[in-house]
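Note that the chains are named A, B, C and D in the order they appear, and that numbering of residues resets to 1 at the start of each chain.
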Amino acid sequence: MTATLPISAQIINLLAAAMLLLAFAMVSQRRIISLINLFMAQGAVLCASTLVVAISTGQSHLYGSALITLVLKVILLPWILHRLIHRLNVRWDIETLINIPMTMIIGILLVIFSFNLALPISELAGTITRSTLGIAIASVMLSTLMMITRSKAVPQVIGFLSMENGLFFAATSATYGMPMVVELGIALDVLVGTVILGVFFFQIRDKFESLDIRHLEKLREDQ
Amino acid sequence: MNTLAAILVQFFELLAALLLAPLLTGWVNQCRAWLQNKTAPPMMLPFRQYAKLLEKEAVLANNVSSLFRMAPYIIFACMALASMIVPTLSSSLMLAPAADAIALVGLFALARIFIALAGMDIGTAFGSLGARREMLIGFLAEPALLMVFFTASLISKSTSLSTMVEALGQRGFIVYPSLAFAGVAFTMVALAENARIPVDNPTTHLELTMIHEAMILEYSGRHLALIECAVALKLYVYFCLGVALFVPWGIPEGADLLNLLQALPLLLLKLAVGGFLLALIETISAKMRVFRAPEFLGTAFMLAVLGMLVHLLLETGK
Amino acid sequence: MSNLLSLDWALVLIVSWLVIGVAGLLLSHRFFLISRVLFPLGAIVGLALACVAFGALGNAAEEAVLPLGLPDLPFHVRLDSLSAVFLLLLGGAAAGISIYCAGYFRKGEGAAPGLQCMLYHVFLASMAMVLLADDAYAFMVAWETMALSSFFLVTTDHLIPEIRRAGYLYLLIAHVGAICILLCFGVLHGGSEANSNLTQVSNYANYTFTHMRAQQHNTLWASAAFFLALFGFGAKAGLLPLHVWLPEAHPAAPSPVSAMMSGVMLKTAIYGMLRVSFDLLYTQLWWWGVIVLSLGLASALFGVVFSAVQNDMKRLLAYSSIENIGLLFVGIGLALTFKSFGMMTLAALALTAVLYHCLNHAAFKSLLFLCTGSVLHATGSRNLGKLGGLIHQMPWVAWLALLGAISSAGLPPLNGFVSEWLLLQAFLFTPGLPHAYINMLVPVAAAAVALTAALAGFVMVKFFGVVFLGRPREESLSQAHDASLLERIGLSWLGAICVVLGLFPVYVIEKIDNVTRLLLGAGLYEANEMYSTAETAARASNWLMLTPIHPDRASYMPVVFLLGILVIVAIVFLLVRNLWHNKERVSGAWDCGFPLQTARMQDTAEGFSQPLRQVFEPFYRLQSDIPTSFDKSPRYRVIVEDHFWYWIYLPIGRTADFGAKLVAFLQQGRISVYLLYSFITLVILLFLIRG
Amino acid sequence: MEFLLVLGFPLLGGIVLAMTGHWKHAAETNAAFSFLTFITSIFLTIRIIEHGPQLLYDEQIFVDPLNVFLVALTAFVGFTTSLFSRPYMRIEHDHGRLSPGRLRLYHSMFQLFICTMLLALTTNNLGILWVAMEAATLTTVLLVSLYRTAASLEAAWKYFILCGVGIAQALFGTIMLYFAAEKILGHQSGALLWTHLNMVKDQLEPTVLSLAFVFLLVGYGTKIGLVPLHNWLPDAHAEGPTPVSAVLSGLLLNVALYAVVRCKVLADGALQSNLPGQLMMGFGLLTVVVSALFLSRQKDIKRLFGYSSIEHMGLVTFAFGMGGPVASFAGLLHMTVHCLTKSAIFFAVGHASQQSGTQVMEHIRGLIKTSPTVGWGLMIGSLAILGMPPFGVFASEFLILTMAMQQQPWATPTLMLALGVAFAAIFNKVHPMVFGETTAKTLPHKPAMFPVFVHLALVLILGLWIPPYLADWFRQAAKFIG
């Protein structure tokens, strides 16, 4: 069936596959530096797919959104994260709450679930990229899984940011992106969010001497 | 004309009560003495005792309140009023509609409460001891008496004493099982209320056993006379109630003087037989421990309620 | 004058009560003005309300709509003879109690008098509003304002932890009761199937009582509404399983407030019960009556048995209120059963007994509570063990307390006896019921009521004897001062009501007959199947003799009764004084040879009730530690507790706590667990909409 | 024109206070800006009442009776909170818990927070609505961690991550909505405008709409604090400074609920079946029951009232879930009354905890002795929030319960039970705090209790007599919700 698809659809499917692969890689990644690089790669793939869609469908505002993604998700955020890692001099590996193979199995189940979730919608979608909607939902689900299973603050934030990427990818695949003013708003929110999280890292660090989430469990109902 | 006759009959009723009551007590003491083969005291002894007491001066305890002085008069008045209500010489007395059976029980309760309060007013151990035991007896005897009256009123479809007497009188000599239960219950209640042997010994002054005597320990002179007369009246009224409920034949209907004379000897006969039976009961039974009294009165209460049940089960069927 | 006169007057008087309250708050620093001006003013308003209600008793129901309330459901107000009787009760009692308050609140003790005055008058106004309310919203607002203001009054001296606990328990059970009443109104207003058309914007407007009266329910919904009302109003009245708050809350309040709560507030619950079961509900089923009868009997017996063993005089009176409420519910049960079998005259007899007993209980219970107030003020102690011999220092209070005690024990010349007599008469007619099973129940019920009345006598002797008679058990009692003038006026006003209700029952019953005619369609003094109109007319006119059904059936002439006793006392007194003498000599009491006679040798309160503790042993939860003879410091202690507290209320507390513990598991503190919750809810919802 | 001022003043205030926040009179400028916002919102409301709904700035802004009443309420409570925070913050400053720098952050963030909420309320574009909600979260997350204690950091972190994930799900829901709208309205930017969607809602694709509604409900539900998603709310309320908790529980929850109601209107139109209503009712009932059970084991006073906010929000969600003009009317009334009462309670709680130096309820005793105004404010406030009749909360609860009895008789007993348990729990804790022997010291500055009693007076008036213009104002709004 892929033969009949136009070149752009094939490229988009390829990029979507790359997106899914990157999401899986981030879930199973042990070292934080490579985690940030994977996040940067995911941003790049997202920007590429938006560009391809923009070219193929002639949607002018998509160029703007690709540009924002490029600036924000590929250059600015990774740079902020690298500086933070450098200043906090955290080099250590990431501990996970449940071991990696287990997370992988859950990840696969999630992908299957998101595909049959997206099935009814993708039939209705008029866009050429309707088949990638399932992948977009899968990457959102995988990043949520990553946030749940990580026990360190920084990986959790990176999971949060990759969820944003997944959502943007879903937006472009389902509806050729949101109106420009909304895209700008979302980008601004993500940027400010990351800055605030950076401030938090420093506060948590000098309060708990470590960025481990397990220190943040004192506010609870006593049994 | 008949209102004058009614007033005369009512007056004769009161006069008969005041005269016959002390005689009845004297007669019961005489019977008991004979049964215990002692020499019997004269039947007129109570009258002489009242006269003696009225001559003496009344000695009062030092911290006594005016309630103590007033109580004997109220108690005597209640008993006198009760004797005027219970139909003995004629069933349609002038004062009969003033109170029905429930009001009569209320009257006895009023007298009991005043004598208990008088007992407590003295402030010594004996007065409150007697009051506590009297109220213990009272709160079980009163409902039992009410149940007896209820049984009789269910049979005669009314709670006013005159209608009850007439209804029970006309039905001839059929024995009602419910009335039998009520009769036994009534005798037990009568014994308890009048402080007779099984529950309380009227003659004793032993602190541990006395109930009624303990309350009137401090009374003397005219107060004691009134109280003693009231006690005699109470015994007489209970006898008349027993006669009215269980042996009502011979109590005349109308309120005229002729059948009054015919009713008097019959009443004297019934009182004499009743008095002898009371003396018999007193000689053959011994005084119970105070905490056995609630069981004794509990049985009386159950019997009375049983009487009502029996009436509803058996007799309404007809 | 426009025909809405009495209703307008009632509303004006309620507003004036509120104005007095607010004035009290504003002038809170000037103590004299509040106690000597505002409270008497409140009393006058109360008296005026009683007169308005007395006037309105006969004529037809008046209705009005106030601008307050929800946009589509403004406050409906209605004054018919049922609410008029209870307004009469409220006005009369409020007059006496307010005058007493004027004398009772002294400078500088207890909470701020200004606040007290405001809360007290808001309490009165909300009770009056409950009696006038004619729609669910107005009723509920007035009902809970009454509960709220009485809660603040109960916790006036909130420094004592027990009082705070009592206040909390009181408001909690009152609130649960109110929720049930709201649920009952919901069912009554038409239930789910009757008219659930959503299109009508103001369809919650049909929460007025007039709409509810027109509803025809099937037996299921009618029974549901009835038992919700029974639970709700029973909680406020103190019916058996829901009575635990009453012996805690009433004694905690200052005496005039506990008098108002015991005397009048409990009657608003009875009013509510009558309004729902006879006026709003379309059908009455016989087994409702039997259940209410048995609940009433249980609480009557329970109340009197517990009041006999109390050592605190105000708790003793609170438990005796439970007993009287039990008797009232017995009367309501009888009336329901008779009405369901169509025997209207007998239902009228039972209902007259209920209404008469409401008036009586309001009079003598507030009188007794006010007397305890004066005793508390004079001696500073409520414990019966520390009182005694007060009749010498406080004659006024003692004799009026005796009057209250006699009428509370239900003894002939006074008012307690009349309502008890009517109730027992009603019992004697039950064998006529066509239902064999109920006929069996009659003797047991009659026996229980008789036993309760007798025990009430026991309780009153203990109360009066231990407090007022004998020797003072503490030295400080000798300086006890009698009630002040204003307090005496309040007490004697209530005493006068007791005497009047006792001696002139025919007038009172004639007035109450309007209510029975409203609720049952047939009054007591109407021609019934047994007796022709001529005889009934004669009976009604003869003010001397009370014969509810027929002269030769049962009759009672209170005035002749009292005259008889007084005449004989006078004759004997004069006879003895003239024929013999009235010399008196005072000397020591008989001490049986022990020279050392101390006041401690009298019977204490525990001692007086010891026989009862022995006879009714299974009723109590007893803990008594009796010292052995070798005990160096012998201490005798008896704690009597309530089984229900351990059977019902503590388990409820434990289950609530267990529920909380279970739910606390949800909030563990780990952020990953929280994210998991969010994820799982999402998945479940997606699965739901997929299906 | 008024609309520009209504949004402009808080934005301007935020910027001005960012520069001058650490000066001595920062609190007064904060109060002044809030006052100006309040006045302009009054003018805006009057204009809306006279001329009906307004569409401004090429339909990006839409003001109709529903959100103009929320705007007025937000501005009013914002103003009273700023009045309250003046003495509160000075006392905190004297206690040394807050440095002037942090105060600057507080004042500017407070104003920005008001601005984002007003934007969220008035915007017509659902995307902008999402952006405004996200901005509101960002502004409050710093406020919650103002004290820099370990607990406040933890609370802020959880608040940020949980609400972040929730808002992301809402974003996905908005995308689905946009996707469904685009098929009907085409690609031009009008596809996300609520007015357009409202006109065309019955042609929207049902399956997509139900999916979108689920994501939106779960997303914004996290912000409302519906039960399985409520975990951040008690911590955020307990650890943040009291003015923030007051504004959080008073206003932010209402705004989130407003957003859900907007989406429910669309979903109802599309789905014909009452699925959205049933979902909201299910969530509402679960929230009321579970939060009532939470109440009895609380130790911290602000956590207690946090759970009470969750319970009331559950009740309002249940009311809107039932649908129908009367239930929506009751829901709106309950939102107003709950916002006023809860903020009044938090003001009183703030001063009470400052007085006793702790938020643990066992150590707060006898408030009525040391400062009667705080004591009475807390007592009357908690009685009002528990639904005792003379107050407005009972009026709306009466309406909600009566409608529930009519439409969902099975749900009423559980609701009643939960309200009873909540009453028992809260009253058992508040009663000893207000009465009893006192342990508290007196406050260095006179507490500003004026706002508390203004709020409670308003609630009392709403309980007894709802002014006619307010009644038909609510009725118009209720008709919008349908």
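Operating definition for what follows: contacts are C-beta pairs under 8 Å (C-beta built on N, C-alpha and C of every residue); 3 or more make two chains touch, one makes a residue touch a chain.
Only a predicted model underlies this, so the values are computations on that prediction, with no experimental measurement involved.
Chemist: Farthest chain from subunit C, comparing Cα centres?
Modeler: Between subunit C and every other chain, the largest centroid distance is to A.
Chemist: Hey, which pair has more contacts between C-betas, C-D or A-D?
Modeler: C-D
Chemist: Counting in whole Å, what is the centre-to-centre distance of subunit C and subunit D, each centre being its mean C-alpha position?
Modeler: Result: the chain centres lie 44 Å from each other.
Chemist: Could you put a whole-Å number on the gap between the CA centroids of subunit A and subunit D?
Modeler: Taking the average C-alpha coordinate of subunit A and of subunit D, the gap between them is 31 Å.
Chemist: Rounded to a whole Å, what is the gap between the Cα centroids of subunit A and subunit C?
Modeler: One centre to the other, that is 70 Å.
Chemist: With chain centres defined as C-alpha means, what is the inter-centre distance between subunit A and subunit B in Å?
Modeler: 102
Chemist: What parts of subunit D, by residue number, touch at least two of the other chains?
Modeler: Answer for subunit D, listing residues that touch two or more other chains: 157-158, 161, 165, 211, 294, 297.
Chemist: Pull out every residue in subunit C that's touching 2 or more other chains.
Modeler: Each of 661, 663-664, 666-667, 671, 675, 686 in subunit C touches at least two other chains.
Chemist: Chain pairs in touch?
Modeler: After working through each pair, the chains in contact turn out to be A-C, A-D, B-C, C-D.
Chemist: Under the touch definition given earlier, write down the residues of subunit B that touch subunit C in their complex.
Modeler: 54-55, 57-65, 67, 73-74, 76-78, 80-81, 84, 95, 97-100, 102-103, 106-107, 109-110, 112-113, 116-117, 120-129, 131-133, 135-136, 138-140, 142-143, 146-147, 150, 153-154, 157-160, 162-163, 207, 217-218, 221-222, 226, 291, 294, 301, 304-305, 308-309, 312, 316
Chemist: Where on subunit A is subunit D touching in the complex?
Modeler: 59, 117, 120-121, 124-126, 137, 140, 144, 147, 153, 156, 160, 163-164, 167, 170-171, 174-176, 178-182, 185-186, 188-189, 192-193, 196-197, 199-200, 203-204, 207-208, 215-219, 221-222
Chemist: For the complex, give me every residue of subunit C touching subunit A.
Modeler: Contacts found on subunit C: 661, 663-672, 675-676, 679, 683, 686.
Chemist: Which subunit D residues qualify as touching subunit C in the complex?
Modeler: Subunit D residues touching subunit C: 157-158, 161-162, 165-166, 169, 210-211, 214-215, 217-218, 222, 227-229, 231-232, 234, 275, 279, 290, 293-297, 324-326, 368, 383, 386, 388-390, 394-395, 398-399, 401-403, 405-407, 409, 412-413, 416, 419-421, 423-425, 427-428, 431-432, 435-437, 463-466, 468, 471-472, 475.
Chemist: What does subunit A use to touch subunit C in their complex?
Modeler: Contacts found on subunit A: 97, 113, 117, 144, 147-151, 156, 213-214, 216-223.
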